Amino acid sequence: MIIVLKSGATDADIAEVCRRIEALGYAPHTIRGELRTVIGAVGDERGKDDLLSLQNLECVEAVQRILQPFKLASREIKGEPTRIRVDGVEIGGPRVVVMAGPCSVESRDQVLEVAAKVKAAGASILRGGAFKPRTSPYAFQGLEEQGLKLLAEAKRETGLPVVTEVMEPEKVAVVAEYADILQIGARNVQNFSLLKRVAETRKPVLLKRGMATSIQEWLLSAEYILAGGNPNVILCERGIRTFETATRFTLDLNAVPVIKKLTHLPVVVDPSHGTGHWEYVEAMARAGVAAGADGLIVEVHPRPAEALSDGPQSLKPERFAELMQQLRRVARAVDRDV
Amino acid sequence: MIIVLKSGATDADIAEVCRRIEALGYAPHTIRGELRTVIGAVGDERGKDDLLSLQNLECVEAVQRILQPFKLASREIKGEPTRIRVDGVEIGGPRVVVMAGPCSVESRDQVLEVAAKVKAAGASILRGGAFKPRTSPYAFQGLEEQGLKLLAEAKRETGLPVVTEVMEPEKVAVVAEYADILQIGARNVQNFSLLKRVAETRKPVLLKRGMATSIQEWLLSAEYILAGGNPNVILCERGIRTFETATRFTLDLNAVPVIKKLTHLPVVVDPSHGTGHWEYVEAMARAGVAAGADGLIVEVHPRPAEALSDGPQSLKPERFAELMQQLRRVARAVDRDV
Amino acid sequence: MIIVLKSGATDADIAEVCRRIEALGYAPHTIRGELRTVIGAVGDERGKDDLLSLQNLECVEAVQRILQPFKLASREIKGEPTRIRVDGVEIGGPRVVVMAGPCSVESRDQVLEVAAKVKAAGASILRGGAFKPRTSPYAFQGLEEQGLKLLAEAKRETGLPVVTEVMEPEKVAVVAEYADILQIGARNVQNFSLLKRVAETRKPVLLKRGMATSIQEWLLSAEYILAGGNPNVILCERGIRTFETATRFTLDLNAVPVIKKLTHLPVVVDPSHGTGHWEYVEAMARAGVAAGADGLIVEVHPRPAEALSDGPQSLKPERFAELMQQLRRVARAVDRDV
Amino acid sequence: MIIVLKSGATDADIAEVCRRIEALGYAPHTIRGELRTVIGAVGDERGKDDLLSLQNLECVEAVQRILQPFKLASREIKGEPTRIRVDGVEIGGPRVVVMAGPCSVESRDQVLEVAAKVKAAGASILRGGAFKPRTSPYAFQGLEEQGLKLLAEAKRETGLPVVTEVMEPEKVAVVAEYADILQIGARNVQNFSLLKRVAETRKPVLLKRGMATSIQEWLLSAEYILAGGNPNVILCERGIRTFETATRFTLDLNAVPVIKKLTHLPVVVDPSHGTGHWEYVEAMARAGVAAGADGLIVEVHPRPAEALSDGPQSLKPERFAELMQQLRRVARAVDRDV
């Protein structure tokens, strides 16, 4: 890190800061500028915040980080991209993987119908929520274990592996019994107890970005899972919160090339939650593929106007099939396929 | 709610929307404007999202909410302010309650020293973290149950009730054994499993606003606790995430008068996390009291530059004592006291 | 608009609000709900804010807008897309138009070299700044009229029409003499005096979105130009300000499908300013085309590390040529061409 | 500045970066860390962006600024607070100065009535808009020069100096003829042509923060005026744009202590625009004074529900008089007066 001293810092101040830097196990390196003295603290600062406390000294103006604070998630530790295999589907390889299905599992008929249709259209993985994080306590909270069983049945019927959300540590075991990929929702991206528990399962984890999570914080959440011994982390950009209200969130596709630069983990894009309006899903799905995403996760519902959750952002199966055609063409234009 | 139809909606479209509104249990009421037809859906929509799915109809442009979606938290249900008593300290009454203590409990000496000093300066409640939500998996994660015991000892020594954070449903029982107030941190404001569990304890809950949580969503999280049978919710504004980087977060004091208008629940302000810099804590603490907050929660550490977490935003005990003098004067200027 | 009354509003309150609605020239239409009375004000509210003042009545809780506030920019006034011709280049038609060139015009050699190279790579329009809005008063402010002359010379050499920024009303005449398209920068999107002046020229205007401008406000700024008699407005998404700092701004590609739904005006995307880092420009340029943009505007500099402004986001000519190849493929995948 | 090299940077890379740093007039100072080499560029970087272009070198990961980029606005250049005298009223001294009046000047009667009433309540300066920046081209645009004359008449009647907005360079002369303080609105904070022109007048300037302007950028806009030879700059915090919609903007009171730390210029707070709702103005005005603001600017209208602009955020004269009583008490609690 770089410690910037206030103007007017004395030699005694500099000596004191250097002493503290050494006490914390780093080597101080002082540069006296015309207006400011800055002191570099040489050592591996990744994952450590100890030097930040120097900000509390009266003579210190700021402490600036040099290294990204994550390790295992970084390209420096692992140069080549991570590829994650789920029942024969590879995420992070040349193919763009499309995950599709309803927001919530609502009934046996609904989930079997959607599963068959998204499979026919070319999706590789089935999504569907059994445990639902709902902003209001009065909203439909999901079918819970019954929903997991219906997803498992849909998997038996179609062969599609299943991704579904787990919301609390105590449910990790039961969800892991039915799901092929454990989804951590945006609201739980910094639920560290949950991250530690899903790490223990060694199952692939789809880690959604929080609505106010910086890319650096998001990768630190991934680091919790990696450091817990589970290398199978798939990142999922799903929209951040900004001042703009024309869309429900602002799908941040810039995150795709940034993620590709910083980490070896695969990244998928969720244009349904990211925009919140079915009319914008197709454009943003195509854009996600063109930006270099390794996959998409799309909400599909046979009768969106009757959906128990997130109807406004769900595509009908016919539109989804059409979208798959478009995605195939865009994927080929960037030397991939769907 | 108000359903706005697209221009060019036909009589058949209008009839279809009305039919669906009735099917959902509301009475439709059509207004044909010069350029748009809008249909009011009359009924108690609070806590229900069912009408939102009408957005998925091709003829619908938008669905606008009329009522705030929370009920029990609203001033309409309960006009007079909620007052919560904790071991003889009343939150939400005429006195402004100051909670103070270290970010993390680090050692017996540290917590006993701080507790004695903040009590001497006039604080009414001791804060301190035993379970710590840390962005990085490599950072100090708290003393856990050992920390809870040290807090209990500090309470025995000083008589100050204790507020401390609980991070996961499975730990609610153990934290509730030691704590007088259960804190839900910003990152868990929409951890609905946790909200349901703390509701069951009936203990007072300090519910921090998330860094990207709108006031409406925050009150819906409070509603989870209220609807779970626990009326003792204290709201805590602790800064939201914005584009500004001169402060760590943007403490949103506007939330204080908004909260006072919308709800009967008490609200406290956290100027330490809100700004992230000890140099700004005093100004924002004074401003919080002047804005009408029912309390403050302030980080105090005997040697901030050696703190294991959040040193940069901690006050030394002497500055805290000085701040208490300032707060007393501001509180009196708004007809309260500390 | 919809006027929502507070709970407890009396018949006298309702009558008073209705009286005021009529006085403002609208027809009131009252819906008495279970918990709230709402009053629709029927009439053409577009472009008028008069009803908003009803919020100041004690009995009024909120005033909600039903119609988008712009008119001439809306799809309702003009269903088919606007196509703008500039010296034989059509913007808003089937071809995706690429504008490229240096951030600032720095010298004759620099601009002629870049112009020749971007033309060879397939760009249709030359961009370059002669008047530069710079955050710091000490930064290079552009070559001014001398820069305009160099752009004109580059046009003579290459045949490429020129887009360049105008920053103040008094300079509109001189810039219009040399430029084919007048650019309004992000910081001037609500410089209404400037918008009125460029409207008078009838020249095509490239109107950048401000960094905190909602799409609705942006279209109202376009409306200033349209209402001033100039139908030739090209919208340009260039990134909004969010909490994320990994990119300089957050390029909001969601704006592309939203703009396509709301307005008939063409929209181009600026991945250079939008991301602020040359390493992310290619991915976001491809994504912009896949999202449906009508064009791109890209910074190219022969020696970016020596650029007098915005070097970090400029592509070298060779990379730009490579990017054009990629864009051609993506454009064809969405049934367009570059 | 600090130049951070990518991991894997070679000795040749380091030498090349050092060579470029020297060419730009700085002295390079290399620190070889375990994982990264960083190079400090020693010299006065303030106001210069030249080193930023090094980001474009393939071996450079990031360039970090050490010094704040403004000079004349900084506390290092001028330690003691700037006090600005306007017709016997001092801004930046011990008294908190209250500026009040209508959003727009609408008629002779209106402005004279408000002026008399705010003076009676204790305001020191009259505010009122003659040229109005309006989001919609169809909204009331102000009485223009006629409005300036009415303000001048109100000044003759009451003795209150006048602050009013100027929107374009060509109007600076006429506005300066009537106004005692020239206001630069939020939308013009980076209208650099306008900043240069108001600098020439040497008149006091009230510089509003833009809705997405960082504090650093805001001070650079102040620097334009200072560097233009006009030391009389008053900063005005008026709310930033965030995701929260319960208030029109988010009044950022944190800016007050930050500004006090970074600069010697006085700062005033606008709770009317900052919140957008009259019901929140009083709480935030009190909070502004408690946070340390040197003044307030408040909208007052005799009949807000009939105001031609910004009625929803205007106080009636009686409430304003009451507010002044409250402010007097809070000011005294922080050793000031109003």
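All chains are identified by letter, namely A, B, C and D, in their written order; residue positions are counted from 1 within each chain.
In this section, a residue touches a chain if its C-beta (ideal position, glycine included) is under 8 Å from a C-beta of that chain, and two chains touch if they have at least 3 such contacts.
Source: prediction; values computed, not measured.
Chemist: Could you work out which chain's C-alpha centre is the most distant one from the centre of chain C?
Modeler: It is B.
Chemist: Per the definition at the top, count C-beta pairs in contact and tell me whether A-D or C-D has more.
Modeler: When the contacts at A-D and C-D are counted, C-D has more.
Chemist: Nearest whole angstrom, what separates the Cα centre of chain C from the Cα centre of chain D?
Modeler: Roughly 26 Å, centre to centre.
Chemist: Just give me the whole-number Å value for how far the CA centre of chain A lies from that of chain C.
Modeler: It comes to 30 Å between the two C-alpha centres.
Chemist: I'd like to verify one number: the distance from the centre of chain A to the centre of chain D, where each centre is the average of its C-alpha atoms, in whole angstrom.
Modeler: 38
Chemist: Where in chain A do residues touch two or more other chains at once?
Modeler: Residues 46, 212, 240-243, 245 of chain A touch two or more partner chains.
Chemist: List the residues on chain C that touch chain A in their complex, please.
Modeler: 212, 214-216, 240, 242-247, 250-258, 260-261, 274-275, 279-280, 282-284, 286-292, 326, 329-330, 332-334
Chemist: Hey, which residues of chain B end up touching chain C in the complex?
Modeler: These residues of chain B touch chain C: 2, 4, 7, 29, 31-36, 38, 40, 42-44, 46, 64, 66-67, 76, 241-243, 245.
Chemist: Name, in rising order, each residue of chain C that touches chain D in their complex.
Modeler: Listed in rising order, the residues are 20, 46-49, 52-57, 69-70, 133-139, 167-170, 187-188, 190-194, 210-212, 217, 220, 223-224, 227-228, 240-241, 277-278, 304-307, 309, 311-312, 314.
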